[in-house]
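Look at the two complexes coming up: chain A is in both, with chain B in one and chain C in the other.
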Partner chain A sequence: MATYSVSRGTRLNKFLPVIFSAVVALLAFLPKFLQIPYQVKFVQAFILIILATMWNLLAGFGGLVSIGQQAFIGIGAYALVYFADIQGINPFLSLILAGLVCVVFALPLSFLVFRLSGGYFAIGTWVIAEIIKLFTVQISQLGGGSGISLGAFSGMGREMRIAAVYWSALVTIFLVLLSTILLMRSKVGLALTAIRDDQTAAGVLGVNVQQTRRLIFLLVSIGFGLAGGLIAMSNLRVQPDDIFSVNYSAIMIFMVVIGGLGSIEGPIIGAVAYYFLQDKLKDHGTLYLIILGVLGILIVTIAPRGLWGFISREKISLFATKYRISENKQKEGA
Partner chain B sequence: MVWTNAIIQGLLTGGLYALLASGLSLIFGVMRIVNLSHGDFSILAAYGVVALAIHSNMWVGILVSLPVMAILGYLLQRTILNRSLSQGALAPLLVTFAFSIIIQNLLLQFFSADNKSIQTGRFASMSIHLLKNLQIGILPLVTFLMGIFVTLTLHVFLNYSRVGRALRASSDDPGAADLVGINNRHIYGIATAIGLFSAGIGGVLFGMRTQFAPSFGPIALIFAFEAVIIGGLGSLWGTLIGGIVLGIGQSIGAQIRPSYGVLAGHLVFIAILIFRPQGLMPKQKER
Partner chain C sequence: MVNETQSHVSALTVSDLNKKFGRVIVAEGISFDVKAGEAFGIVGPNGAGKSTLLNLINGTEPSDSGEILFHGEPLNSLDPAERTHKGIARTFQIPKPFSEMTVYENVLVGSTFLKSHHSRHERSELAIDAITRAGLTPFFNTPAGKLRLLDRKRLELARSLACQPKLLLLDEIAGGLTDAELPVLLEIIRELNASGVAIVWIEHIVHALVSVVDRLMCIAGGKVIAIGDPHTVLEDPKVIEIYLGSDFQVGGAV
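Up next is the complex of A and B:
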């Protein structure tokens, strides 16, 4: 009789930590060789990958389709300016605080929006983001409707400042990806995968669906806050209509859908694909968003597993988060 | 007197929100889809009237653009939305969100970001004097009555017509409806057609009252959504009440300070979510 063993990942995965570290080390030295405009482009790409990864964790695994996560992007951005400029805290420490502050907001808000489900949850989160924007506009200390500039870097030279933002973004994306992978390999990750596949069945098997979702809602708010802080750092200005714009949700949804919902690799690929698309198409203005919309619909209806689903065909998993069963052939004679 | 006036104006605006919301409520009731592009379809209908009014007049514009909305709704449902329905709960949300982005940007492409309005001539400024300091605009009054009329029509249609019965059957149990010979896919098409038709009525009346731009769709969607939640999911009359409560909340807020209007409406919505999450008029258990 054949015996079976359950394993996580393949031989590929053994080399992955090495490759992963090598890529990060290489990226860390880039500012030495790369011109400033390219460093800025890398920062933008890093921010997109963080956003896509977080939105996918929420919607792809948690089943919580939100179109209001710009609330936390905005809170993070404003919090960074508040801590760094108004409180005079070190800007890099302020970035961490900007991430953490989002949890303080996310906890009470979760009790509010979790009363809604499905599509109404989606619009509910959006309304919350609008309300937070309307309140922010009323705070004159934060610049009201016209926004606020970040002055914390003003003593620093341009080259040094952009390199500093680049490294902050690199450290953030490294930590976000690492914690996402570790989370998905943990018990919570298993519960999340179960919820993704079948919410009711997961509940029957003893997964506390609501509690797991709330945990994810809180965790991803940190990621969105960090991304918001990074956006403030690289733009040096926060404006309420931009930072709380629902366009962030549109972009995140597009990246995750095109890359492949419910995998770790998908959103990264989607973010990179989106980055190149927008780079090519952004001069076409409105046409560019129409193309994104049409592409999104085509992928959802024809290839719902996205680019990564197309490449991997369920056989490859870079980050070894899934268990798989394999037959042990050599033991057959024993 | 100022307050009475604010409440009456809010009440009349409520009829508009009910119009924007009733289609959203119907589509959700039948297919469990939340149409994230609902507000954009309202604005699309208003632009349709503006475009047609250039060549002929407003009435021709309305008579053409509303049926076009219904046909568009049926076709979109039969071609794209029905396909996405079978891909799980996520897909319809993503698809309707994509519709929203496409419509907004198509409108931007053809009509620019400038504000437009539907010219109604004298009609927009006519009003009746009720009391010394209290007057009601004819247009807000017509909007309000239209809100009641559409809600009543939908009520009668769903409860007493053959197609309405089929709609309720598909909503309750699509499998069983299929067994007794109902073509669910066709029925879903009809639901979306009616939904977008009513969204169009709301959009046209909205466009007669105020100026609008392509970016107004999301705002219309948010108000419609708040009306649905305040009124209670799955109840048409609840949606009408929800729209009225939202309208009154907004106009009282605006009376306190003009910039507080929208915020006050949001706060009414939050208060309902905290203290009465089932809404003011939740759907009664049938029989």
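Up next is the complex of A and C:
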């Protein structure tokens, strides 16, 4: 009888923690060398990567195609201003709270939107995001329709403030990506991958589809809240029409689809690609959107599995989520 | 074959089960029971409601009325995952592999979400064992979407074995197998049945089915036509008229 051993990932993956740590360490020292405008750009890119990663967990794996996650971006942004300015809590602690408070909103909302499926789910989440915006506008303490400024950093010099926001964003993206990788390597990750490929079969094999989806809906709401908090920190102002804008959903869909739906690597690549595109094209007005649209169509036509699917050819996986079985070689005559 | 000790306990009791899709009746007053450890075959013409019956039993389709008991416990309010946790596994007639996951990962899903809380090592052993029994060892690391049809059917079987079922529902698992492959499959099913797993098996390859099952049921138009000893059922004039055709002989070519 042959015996087998199970391993996770390939030889490449063994070096990954080293590379991952090295990149993070390098990024941590960047504010020492980098001019302020570049630090701001890094923060924007980090936020985009967080958003893409979260939306992909929800839609790419959970099959929950939502166009209303800006609800949690908005809640996170307002929560940061509320905790930091109105409650006077340390702004970095406020950022953590801004992420966690989203779960409090996500849990009851999940019971509402999980009654819907497919297109109805998508529209339902959008409607809820709009309703939350309309409620927020009514709260005069939060600045009503004109929004509210963040004053918690006013005692800090510009250079120090931007470095502080940069480090907050770096720590956040590190934790978000690490949690995502660990999640996808866990039983929940196995369940999510099965749900991604065939929901009915997953249920028949004992995966509690609804419960897994609810869990992921709650978890990603933390990520969206953190991203919202970071946006508030870096803009120093929150305006309801901007922060609750459905544009966030459009951008997230674009990043995840061009990068590759249903992988960990795809959304990161998609977010970086989108970041460079918008950075180079944003001064060109309407042309910017046209070029973005054309590129989106081209990429999904040429590489239906997104940029990552095109590069990896389904053979490479950076984060060792795949299992590998190898037969144990038996000694002669043993 | 049924042991003396097992024959009195019902694994599955279906009573007065009804299901309509719009105006089409797919189950009308269906009642039967399967004893613990029994192998139970289902035949019937295409569109008779055979696959739907399995859907109703494992919960992928809700019934309109009627009751399904599993070891005396009503299943009606349970979803498919909960029914799997109780010990019901199934294969699909049209395989539903997790296309981008490897064969091992596919089967690991089956052994991971049981309620019996196996350790990581045990879950992996269960998956490897199920893959070995289904004859898929050359394909451990192959993405399931790249398998040919026959291996996809084997994968269906391996996944359901990994769920450690007390009742296994097989939906045309032998369809499309070659003459060389069929005995291997029959051996797996017999072995499983001998280890105490009750089997409900839908199949068009009647001689294969009859060589394994203790009892046979023929349904047509959502109704039970005949039920009982396989040979008696196959000789029933109504079954011959509706399903087999008048020149049918068991165990031989037509």
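As a convention for this text, the second predicted complex is superposed on the first by the 309 of 334 C-alpha atoms of A that agree within 3 Å, B and C clash if a C-alpha of one lies under 4 Å from a C-alpha of the other, contacts with A are read in each partner's own complex, and residues count from 1 in each chain.
Following the convention adopted for this analysis, a residue touches a chain if its C-beta (ideal position, glycine included) is under 8 Å from a C-beta of that chain, and two chains touch if they have at least 3 such contacts.
As the structure is a prediction and not an experimental result, all values here were calculated from the model.
Contacts of A:Thr301 after superposition on the shared chain: chain B is touched, whereas chain C is not. When the shared chain is aligned, chain B comes close enough to touch A:Leu134, but chain C does not.
Legend: residue contacts after superposition of the two complexes on their common chain; A:Val6 is shown touching chain C, with no touch to chain B.
After overlaying the two complexes on the shared chain, residue contacts for A:Arg185 are found with neither chain B nor chain C.
In the superposition on chain A, A:Arg237 makes contact with neither chain B nor chain C. Contact with chain C, but none with chain B, is seen for A:Ala201 once the two complexes are overlaid on the shared chain. In the superposed pair of complexes, A:Lys41 makes contact with neither chain B nor chain C.
Interface residues of chain A facing chain B in the complex, by the touch rule stated above, are 59, 63, 65, 67, 112, 115-116, 118-120, 122-124, 126-127, 130-131, 134-135, 246, 249-250, 253, 257, 261, 286-287, 289-290, 292-294, 296-297, 300-301, 304. On the side of chain A, the complex with chain C involves touching residues 2, 4, 6, 187, 190-191, 193-194, 196-198, 200-210, 262, 314, 322-325. On the side of chain B, the complex with chain A involves touching residues 28, 32-34, 36, 80, 83-84, 87, 89-95, 97-99, 101-102, 104-106, 108-109, 218, 221-222, 225-226, 228-229, 233, 262-263, 266-267, 269-270, 273-274, 277. Across the interface of their complex, chain A is touched by residues 58, 60, 79-81, 84-85, 89-90, 92, 96-102, 104-105, 108-110, 112-115, 124, 128, 137, 140-141, 143, 159, 163 of chain C.
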